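In what comes next, chain A is part of two complexes: it sits with chain B in the first one and with chain C in the second one.
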Partner chain A sequence: MSHATTNKTTSPESRPQPEVDRRPLARQRRNRILLQVGCVLITLFMALPIYLIALSATSSRAALQEFPLSFIPNNFSLETMETFLQSTGILGGLINSIQVGIFTLLLSLIIGVPAGYAVARFAFPGRDPYQLFLLFTRALPIVVLSVPLAQLFLQTGLYDSILAVVLLHTALALPTTILITSSVFLGVPRDVEEAARIFGCSPVQAFLKVVMPMAIPGIAAASIFTFVMSWNEVLGASILTLNQRTLPAQVLSSLAESPLAYRFAGGFLLVVPALIFIFFMRRYLTNMWGSTIR
Partner chain B sequence: MADISIKGLHKTYPGSTELATNNVSLEVAEGEFMVLLGPSGCGKTTLLRMVAGLDFPDEGSISIGGRDVTYLPPQDRNLSMVFQSYAVFPHRKVRTNIGFGLVMKKVPRDELEKKVAWAADLLQLTPYLDRYPAQLSGGQRQRVAVARAIVMDADVLLMDEPLSNLDALLRLDFRAELKKIVQQLGSTTLYVTHDQVEAMSLSDRVAVMKKGQIAQLGHPITVYEEPADRFVGGFIGSPPMNFLEGRVTQQGALEVAGQSTDAPEFLARSAARSGGLPVMVGIRAENIYIEQRGAPGTLDATVDVVEPLGHATLLTVDLGGQVIKVQVASTVRVSPAEKVGLRFDQAAIRFFDTETQLGLTA
Partner chain C sequence: MSDLAHHDLSRRTLLKGGLMALATGPLLAACGVNTSGSGGEGSVNFLSTQFSPVEERQKYEATLKKHAGDIQVAYNPVDTGVFNTTLKSQLGAGKVEVGIAGGLHSDLIPFASQLEDLSSLTRDLSSAGFSDDLLELAKLGTDVPRYIPWIQATYVVAVNKKALDWLPSGADVNNLTYENYLAWAQAAREANGRPVFGIPAGPKGLHHRFYQGFLLPSFTGGQITTFRNADAVTAWTYMRDLWANMNPASANYDFMQEPLGNGEVLVAWDHVARLINAVQDKPDDWLMVPAPSGPKGKGYLLVVGGMAVPQGSAEKDKAFELIKALSKPEAQIETLKSNAFFPVVETEIGGDLPGGIALEAKAVKAQQEAPDAVLALPPVGLGDKDPQVSQLFKNCFQEICLNNADIKATLDQQGAELASIMDTLNVPCWAPDPDADQCRVA
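Let's turn to the complex of A and B:
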């Protein structure tokens, strides 16, 4: 048994002949570990606040006052959540938020998917300006958009309705819906669509039977984006409504004068539905992207 | 089944000034296997797409089985097509891929199943009917595309370079299989390719295209042996036809590379009238024989490169400054720099006009 006296740390029982330079391998391993550590740190950065909010929201009011705060859910209670849900406007806000989210999603897909398809497939006059113009809605701050909208909605009688918020959110979501779906439609080979035409489809049938199913990943991505955007959007929703508040708007309006437990419960309720939605849509995103588009 | 009649097709793509097809007319008989052959950008795919209805011509007409279809959408033309990129539907299983066209035609269910089973059996896809295309190899995907096309009982079968995405060995196998299937079906077929071997081996007739026009239309062997112009001779055949600058003298001798042999009579006659005639001499590599230097009727040349191909040996030969390819049997032993005599098979020599590049015949 001969121990190598060189500074080799990987294998103590190295064979006598060819000296292999193992440093690049070690470097590669070290980089991989660093990458893993980086990923874990970023995940913690994102997940820890969510965990803490969830922890506080499911602890009793008394447990929140303890010091030091425990990291483990040892005194689980629904007391905080119950109180929160029973406060005025919360349940209504929750229902409003879900409605707004779903209607925004549907409306922006109904308008955005055909628009994305048009941008991807057809060379029409003014296509490039159109794409640039789309981004203008996002270039303006929501406040700037909402105030004239509020006035318009007041005149037309839409003010303080779900529809008002849906319209605003759809306008905000459309640019991304169109850009995301158009990039996915670009990935659907033209041949496949032409094959559908040859084998008996009208243009609309070819779109519905062949192109749309292949674009599901992009539509899922756009849906996630739209729903989460709508769920989180607070400024416009606050300006355009008084009684028909969405959840974030409702929470925001009463945040300043509410107890700590209320804030945690509100935060928790705001995070969870978005997470659930992403969890379900993620399936389409990852499962199908690899296998459908090629 | 039906014949295709194409008359005077003009097509320019938007944003381009060049004619993609320039006054193309073509008659494909019922049950005929017609190959459109040409280099990329010659308009062959454009022509196919116009027959398919995926593009519309600017001028001219197309009729299938006597019915004018020039501006009909593809779904109303009763044709089927195999695409270069397979174009199978990735989100549908092989079974529904094959049956797609029949479902769209609202064919009854039991008939549909019978046809899908028949096509799957013919193309050896039966074990894969319940898989998704992503789970198949490239060759199997192309089989799915062919199966999808043949179940249709369409008037016309269109194929756009169906073999060019397959690897070489598979292509060879599938080529023969395709020929067998199409012969069985007996359908009118329009087949686009840039591969002259495919064109030769599959077609009843081949239309060689160049710059949006048909340069020559004919039986593949005729096109091979008697190219209508220099382009066709240079495009078809591997290696392509050799072209030598030559001259027919007033006395009726053919001068090539400073040496002379007899010229054919029709050339000698016109040369006698015009007082000498420059010509382009075309000869295929396999129609040149190697002999002893100085043997009567041979041209002096020097071997440059020897490439054994297995079934034959390909020589690159210097003939008085002009480089030509010669294919000899693999049993012939020659070495580079060897001085040899070349004998041209007189019957296989073709002559071309030096100005127009067109073939000269009696």
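Let's turn to the complex of A and C:
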């Protein structure tokens, strides 16, 4: 191969040219192909289960009993989905879950972003222990906390309300929010902020107009974590509520004992909103990769 | 554009934002959406471990609506763990929002001393005809009734009619012996080239109830006292042989209605409520038959659920009314028709049952009324040791059938643990073990 290449590139003066080493190019191409294959495999790994759940959720119950199950949707039926959606508390639970997710997100950002900024920018006594201490909230399993927590909420009258769940989820989400945002604020150069101050910004304005926009990707990542955590959290939500359940608390225990068809329908319904949220937040995330490459 | 003005402005906006965030608090508390049908002011919260699967819940809510009269009921089916924490935290906080706690006998045991004394209610309902066994169980080991029997069920064998071809000659499918059952499983396996019998030995399956209430009582006449005697060795030897002829995927089955429904398994023992979906759709293809008999009789386990009122409940009077309404024969029969749980009160079931339920009712009746029937009750008075004891039976299955361990050694080992649990508990024996003031492993 290398011989043919030399022939082609021979110049009119027939001066012997140095042999072109094509190996790096080939290696690059091979790596690119491997990368593509890897991407496709990972996508399949993620998408296939979702596809199968969607397929099963929209198949008739009789079709689910067949063996082997077909890969293409040829038994389309919304029967199980409809029965599932009509059962008590599913739509209510969905609305509650979305509310809890959004309010948890807002509350944890309102508290977490300034805290992250403080940890990143200011040296104050006890900063390192504080950072470590943050993680302790996650070190205690909810199972241990549940009974005293429920008792406290009962006594303060917060029990069985959305607010109770929002407060719990915010407490659970804050460590990740603070740690993620603080590491992002660390990446925003102090010079930029100082420049903003020189051009007449107040500290708050400098933060809001200059630092925040540059930290958006990190905040987006933190909010995805928060929302998905809140969306998936079952135990705390089911212990703190009775008549105002979130969707997972409402359906998860019942799904475990329901016929297969409902497990698929329920699984599908639980996956979709979180996916929609991630799709929406994704563009802020890719921004992060964009800005780092630049 | 002075620096100061900017400063003021942004501080003000920040303050505004903070205030708005604070204002969302009370707003949030008010804007939750109800998820249990009717959880409004004055409604009775019915916390339950039963009827949590999607369709069962819908059916039971319909029954409640029909029979509760003008009492608003918020039916909340949860799993046992959440049931426990919810009750525990509410009782601990002294603010009980649950009106009725409905669960199986074993679910209610941990709260025995914190449940209302239902003596007056039991007196009011004395004409309903609860059996003496049930009323004794309802005391939960205390001196007074702590719950009112709610539902009962048992376990039977579901048979796909295809499997009748291989029934050993001379065996009566409605009056099987354990020998017949094994021979049948063997013949069916040989004819099919694969085993077609099953048992719910999955993580959430109820196979330990088979050993506690069926296999051991039938072979040994007892459950606890006879745990490690020679008869028990025979019983577990039988179980090992039977397992060799069962679908090995049984170790993953939680509910036999699924493998029965798709034809993986043709004959299976399970809880009636976990068989009914397979049978219900095509009742003509199925038989439901009593469990087999062994040398000591036809052991069978009774499953009992009760309705209790936690002490300090805000809606105590309404809860009592609701319990009365649900103890009426009409409500009990409705529960049988829709949810496949049997009435606990005296009533004529009647002939208008749906196909699957009719099959089930016949099998349950035949099992209870069999001349050699040996009634086994769920463990009485074990309190929080109940799951541990069940686990010992599961361990025996794991060791003997799956790990092929020595039977006598396994029974001695697990029996020693059972003996130490029973010695610390100091509780009287329950059926089928012979009466004794302290139940001990022989």
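Convention: the second predicted complex is superposed on the first by the 240 of 294 C-alpha atoms of A that agree within 3 Å, B and C clash if a C-alpha of one lies under 4 Å from a C-alpha of the other, contacts with A are read in each partner's own complex, and residues count from 1 in each chain.
Keep in mind that, in the parts below, a contact is a pair of C-beta atoms (placed from the backbone, for glycine too) under 8 Å apart; a residue touches a chain by one contact, two chains touch by 3 or more.
Being a predicted model, the structure only gives us computed values, none of them experimental.
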Checklist entry - Which holds for A:V147: it touches chain B only (first), chain C only (second), both, or neither? => result second
Checklist entry - Looking at the overlay, does A:S202 come into contact with chain B only (first), chain C only (second), both, or neither? => result both
Next on the checklist: So in the superposed three-chain picture, is A:V210 touching just chain B, just chain C, both, or none of them (first/second/both/neither)?
Outcome noted: first
Checklist entry - Once the shared chain is lined up, is A:E194 touching chain B (first), chain C (second), both, or neither of them? => result first
Next on the checklist: Looking only at contacts as defined up top, I'd like to know whether chain B or chain C touches more of chain A.
Outcome noted: C
Next on the checklist: After overlaying the two complexes on chain A, where does the chain B footprint on chain A coincide with the chain C footprint?
Outcome noted: 200-202, 205
Checklist outcome for this item: Listed in rising order, chain A residues that touch chain B in their complex are 123, 189, 191-192, 194-202, 205, 210, 213-214, 216, 291-294
Next on the checklist: For a test of understanding, state which residues of chain C touch chain A in their complex under the given definition.
Outcome noted: 1, 3, 6-7, 10-11, 14, 17-18, 21, 24-25, 28-29, 31-37, 39, 45, 47, 52-55, 57-58, 61, 74-79, 82, 85-86, 88-90, 92-93, 95, 97-98, 204, 255, 257-258, 261-262, 277
Checklist entry - Which residues, counting only chain B, touch chain A once they are in their complex? => result 14, 52-54, 73-75, 79-81, 83-85, 87-91, 100-101, 104-105, 132, 134, 145, 148, 152, 158
Checklist entry - Where on chain A is chain C touching in the complex? => result 65-67, 83-84, 86-89, 91-93, 95-96, 99, 103, 106-107, 110, 146-152, 154-155, 158-163, 166, 200-202, 204-205, 208, 235, 238-239, 242-245, 250, 253-260, 262, 266
